[in-house]
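You will see two complexes here that share chain A, one where it goes with chain B and one where it goes with chain C.
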Partner chain A sequence: MASVADTRPTPRFVSPTASRELALIAAIFIVGTVFTLLSEHFLTVNNLVQTMRAGLELAIVSAGMTLVIIMGGIDVSVGGILAVSAIVIGKAYQAGLPVYLVTPLGLMAGTLLGAWNGFVTAKLKVPPIIATLGSMYIFSAIMFLVIGGAWIAGLPGTLSPLVNGWVGVVPASAIVIAAVYLVAWVLLRKLPFGSHVYAIGCDEQSARLVGINVDRTKIATYAFLGFLTGLAALLYVARLRNVEINIGTTVALEAIAATILGGTNIRGGVGSLLGTLLGVAFIRIMQNGLVLIGVSSLWETVIIGSLLIVVLTVDTLRNRNNPRAA
Partner chain B sequence: MVFRMSGIVKRFGGLTALDRVDFEVAPAEVMALVGDNGAGKSTLIKTMSGAHAPDEGTIEMEGQEVRFRSPQEAWDRGIATIYQELALAGKMTVVDNIFLGREIRKPILGIPFLNRQAMRKRTGELLSQLDVHVPSIDAWVESMSGGQRQGVAIARALNMDARLIIMDEPTAALAVAEVRKVLDFITKLRAQGKSVVLISHNIQDVFEVSDRISVMRHGRCIAVRETKKTTPQEIIGLITGAHEVRAAAS
Partner chain C sequence: MMSSLASWRSTDPLRFRLVVLAVMWIVAIAAMSLVSPYFFRASTVPYLLQYVPILGLLGLGQTLIILAGGPGIDLSVGSIVSLVGVAVGGLFAAGVDIWLASAAGLVLGALLGLVNGVLVNVLRIPSLMATLATMFAFGGLALATTMGRPIGGFPAEFGWLGQGRTLGLPNAFVFVLLPVAVVLHVMLTRTTVGRHIVACGNDDRAAHLSGLAVVRIRIGLYVLSGTLAALGSIVALSWFLAARPDAGRGMELFAVTIAVLGGTHIFGGTGGIPGTILAILIVTTLQIGLQLANISAAWQLALIGVLLIVSVSRVSLWRRLKNVKA
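On to the complex of A and B.
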């Protein structure tokens, strides 16, 4: 037992769930090796950069999802937020607005919709899965009402360099991901805000007792997820230069899957951004590799789904002797 | 008096949980609050700590009338409540817990960064002040024993500059050696000039550390005794209402 005066920091590069991050790195290494052996196209700069670009929006949304799930919440409506933000962006471009107005409009749309989810869960006390499910229906309806089943096409690619560009030898999309995760990490680990997010996820009642403004923190966290989803919408439009009718249908479940695979506890209180980023990488590498070796991408969903069940089962078994974790 | 409540009434629908309760605590005093289940102890401490607003009556803290709309306001006035469930975040470290909601900040360009170094230093001071031993201040609180967690919760109250510390059943569910430790914490708090309200079912603990004892029964504060001038028999009699039975019989 250490003496009370021993207040030196213990070195900790990752989260207390570091075992999960290490397991994911190992898993990525193993499937990477298998795909490399089975397909000559897998381990090429071009393929890997393409894979990262394909994971750009998911990575950004998942960063916000990690904060929400650590806080003990969940947001299944991010697909709807992505769609509505993309429509706002598309319509703004069509109205002839310049990019420096379209960008804040898109970010604002996402932030507002996220804040709405936070408001419903925090102030109206609706359980987050129900609140965001309701939002999902509403946002989808808005999308159909606005674009009526047609695509918004022929949008300008002003922001495309953020997705497809290079800064020296570094792909721009890598810089975007790094910047987003840096901001999220500072929020979560370096500011009081992050402590409050963890505390609410551990025990909301306790957090209230020590005077944390729980409602405001919740609204801010959902709004941050909305903001990142708005950013993802901007990059989506920049990448595809259109808004199609089935935009965002898979992003919510993929983001939740990546977050949980990355070690964030679905009950809140525990989680790390590095884990989530590795979870995103794993999901996208699986998708890419299976396509390259000619396996139906349906198998990828089967594999991800099975892994989620395994991961949650292992967590439950590990916590079974620990009543406080239940 | 550090703290005084006069004529406190609290009703829940048709039920009167607190019926004109008077209660006071002197500076550097350990005031025990005893009573059977349902006597109104929990409602009374929730009223003290700002979780409930009384329907009638006044509360004074350090001579000033106060009205708490939330536990936060009570904390701000120097009243810290350490609940049975402790209100610690199990999956956070000792440092994080002690400073939860009161983080030391080091603004850089207006952004309120956490000053971890200062928080760690202060945590070390607080823990040694109370003689709390924890495996590491970076360990998760849920990995610690009940007594260690009590110590962390008390250290947090000290950090918030609490002058009145309300402890709800602090020794329930603790091992014998740990009970000893928690009672030591209480005497240490008194030695530092803090006032303590100790809610306990354990009459032995109450007699060991308290200066005075308030007894609650049926939503009323029926008696206040100086610990030195009373006996466990008398207190148990007051709690169970044996004195009423004797009075009725005579």
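On to the complex of A and C.
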């Protein structure tokens, strides 16, 4: 009796997104090699650091978007949140407030708008896509009403060392990205909050039944995305020193694309921050490389869209036998 | 009296929604008459109806897709409008007869709809993500192939559809939107196909088990939506006599708003054409009224956003109110 061998396979943890992460690393490597061969300007420290700075805001927003999508939600209004936060920051600077007051104001604006999205989805029971579509209209209306078609220009670049500075040989923007992803990782993987986010994304009803405060978690997650978007707005103002009228028009779709490319399941419950970061890197390297080899930037959206279709198709075909994918 | 109203409301929520929409429309007309002295005039009617057909066609397609459940949605209709416009413009510039080019545009619209339908129903990518990706791809293609430049120089007689009037009413309304709406309404309420569409939206598993070709019906509706978007694009071409590569930007959000405001349940199974038509009239009335009163377009955006959120959250709020009373 004791001699019956235990034939069960040893339990082994395999991250459901590991293969995607490896595939993205390979893809970045291949694309990078191609661009290096086609353009002498691609593989230079200057160009790579510039690319990272250009991807700073997208990387920060995408971290929050990953949490929201893992929770089974989505937020297409981040562009509007970015715009309104940037306007709050711009107006505060123009009113002569010092940077240590402007920074919390900008972060607070983002957090509040994010929490509003969470409130509408959790309490008013509006499906997230509809709720955030509606919010996007409202936020862009606020933006137009406040700045009325004109730029806010000539803002101080007090925070620009965070974007353009160097700490020794490390660019400051890399440290900012690392810090944001570390915080998001701790929230998602090391605190009960993160398990709640995964649980809601897997099965909201069950999450409710085991006693998770679903509504509060939802509002907090959307608020966290809003907070990060407020941070992105601060860095945007620091980088460009103005607020353009078309600020944030593409960030929502790019952040969703980066998150999905990174292996997060659009139905929720599965996802990784590392994948998202690689997705952001891939998108920005593609954009940078295409410009360097002389392809019109207008083709970017076509490429991102097609890429997204391919990835989604592969995802769903691979998960065909998974009941969650039905 | 109150109880009979309540029971009527619960037995036929759709008819009640129509009454609410009609009242909302009257309120909108009254409000706009107060805001602008130019609004309440006979000459406003054709002016208002001029704006209705394009959004109306998109809204009707969206209504049917959402109605058939899944949950289905088509975010790419705006991009289809742009891409079909550019394609028709390109064919015309290459020397093809404008009416023949328009017919080719309709076929292209159907094909683009077919792409959406296959992605959503055969490859089983969630409709939201699939059509978001094709929205990128189609819209990007329209911009990239024209390098962002509009195509003009259409012959004046092509303006018959978009600019001409019959009995004082715009041709696009009399000869395009009205017949399409009537045909779709009859199809939905008086034919087996129509009942099958509603059945798919109510419970696709039950529909499948009772022998309905759920997948084929839904693909057909995406094709229909693509064709209607192409029709809308041709109306727009004929109105402006020029093809702008970003002509359809933002229209998908209006289309979803109209369908949902018109009482179509976002997860399918309930809804209809009359509600959608009333919703278009309300949205257009507000737009034209604010325009005549010279109020910033931002307010229109905000209003659409609020309407979108309220029209979806309404159901649960009412239920809560009813519970409080009981």
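By our rule, the second predicted complex is superposed on the first by the 309 of 326 C-alpha atoms of A that agree within 3 Å, B and C clash if a C-alpha of one lies under 4 Å from a C-alpha of the other, contacts with A are read in each partner's own complex, and residues count from 1 in each chain.
Keep in mind that, in the parts below, a residue touches a chain if its C-beta (ideal position, glycine included) is under 8 Å from a C-beta of that chain, and two chains touch if they have at least 3 such contacts.
All of these numbers come straight from a predicted model, not from anything done at the bench.
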| message | A:Pro192 in the overlay: touching chain B, chain C, both, or neither? Say first, second, both or neither. | response | first
| query | For A:Gln205, is the partner it touches chain B (first), chain C (second), both, or none of the two (neither)? | reply | first
| Who does A:Leu124 touch here: chain B (first), chain C (second), both, or neither? | second
| task | Report for A:Gly168: first if it touches chain B alone, second if chain C alone, otherwise both or neither. | result | neither
| Thinking of the overlay built on chain A, is A:Gly96 touched by chain B (first), by chain C (second), by both, or by neither? | neither
| said: After the superposition on A, what does A:Gly294 contact: first (chain B), second (chain C), both or neither? | reply: neither
| said: For the three-chain arrangement built by superposition, which of chain B and chain C touches the greater number of chain A residues? | reply: C
| query | Looking at chain A, which of its residues have contacts with both chain B and chain C? | reply | 325
| message | Under the definition above, what is the set of chain B residues touching chain A in their complex? | response | 70-72, 75-76, 81, 83, 85-92, 96, 99-103, 105, 111-114, 116, 120-121, 123-124, 127-128, 131-138, 140, 142, 156
| said: Under the definition above, what is the set of chain C residues touching chain A in their complex? | reply: 73, 119, 123-126, 128-130, 132-141, 143-144, 147-148, 253, 256-257, 260, 266-267, 296-302, 304-309, 312-313, 316-317
| message | Quick check on the complex: what are the chain A residues that touch chain B? | response | 1-7, 9-10, 12, 16, 190-192, 195-196, 198-199, 202-203, 205-212, 269-270, 322, 324-325
| query | Once bound in the complex, which stretches of chain A touch chain C? | reply | 74, 120, 124-127, 129-131, 133-138, 140-145, 148, 253, 256-257, 260, 266-267, 296, 298-306, 308-309, 312-313, 315-317, 325-326
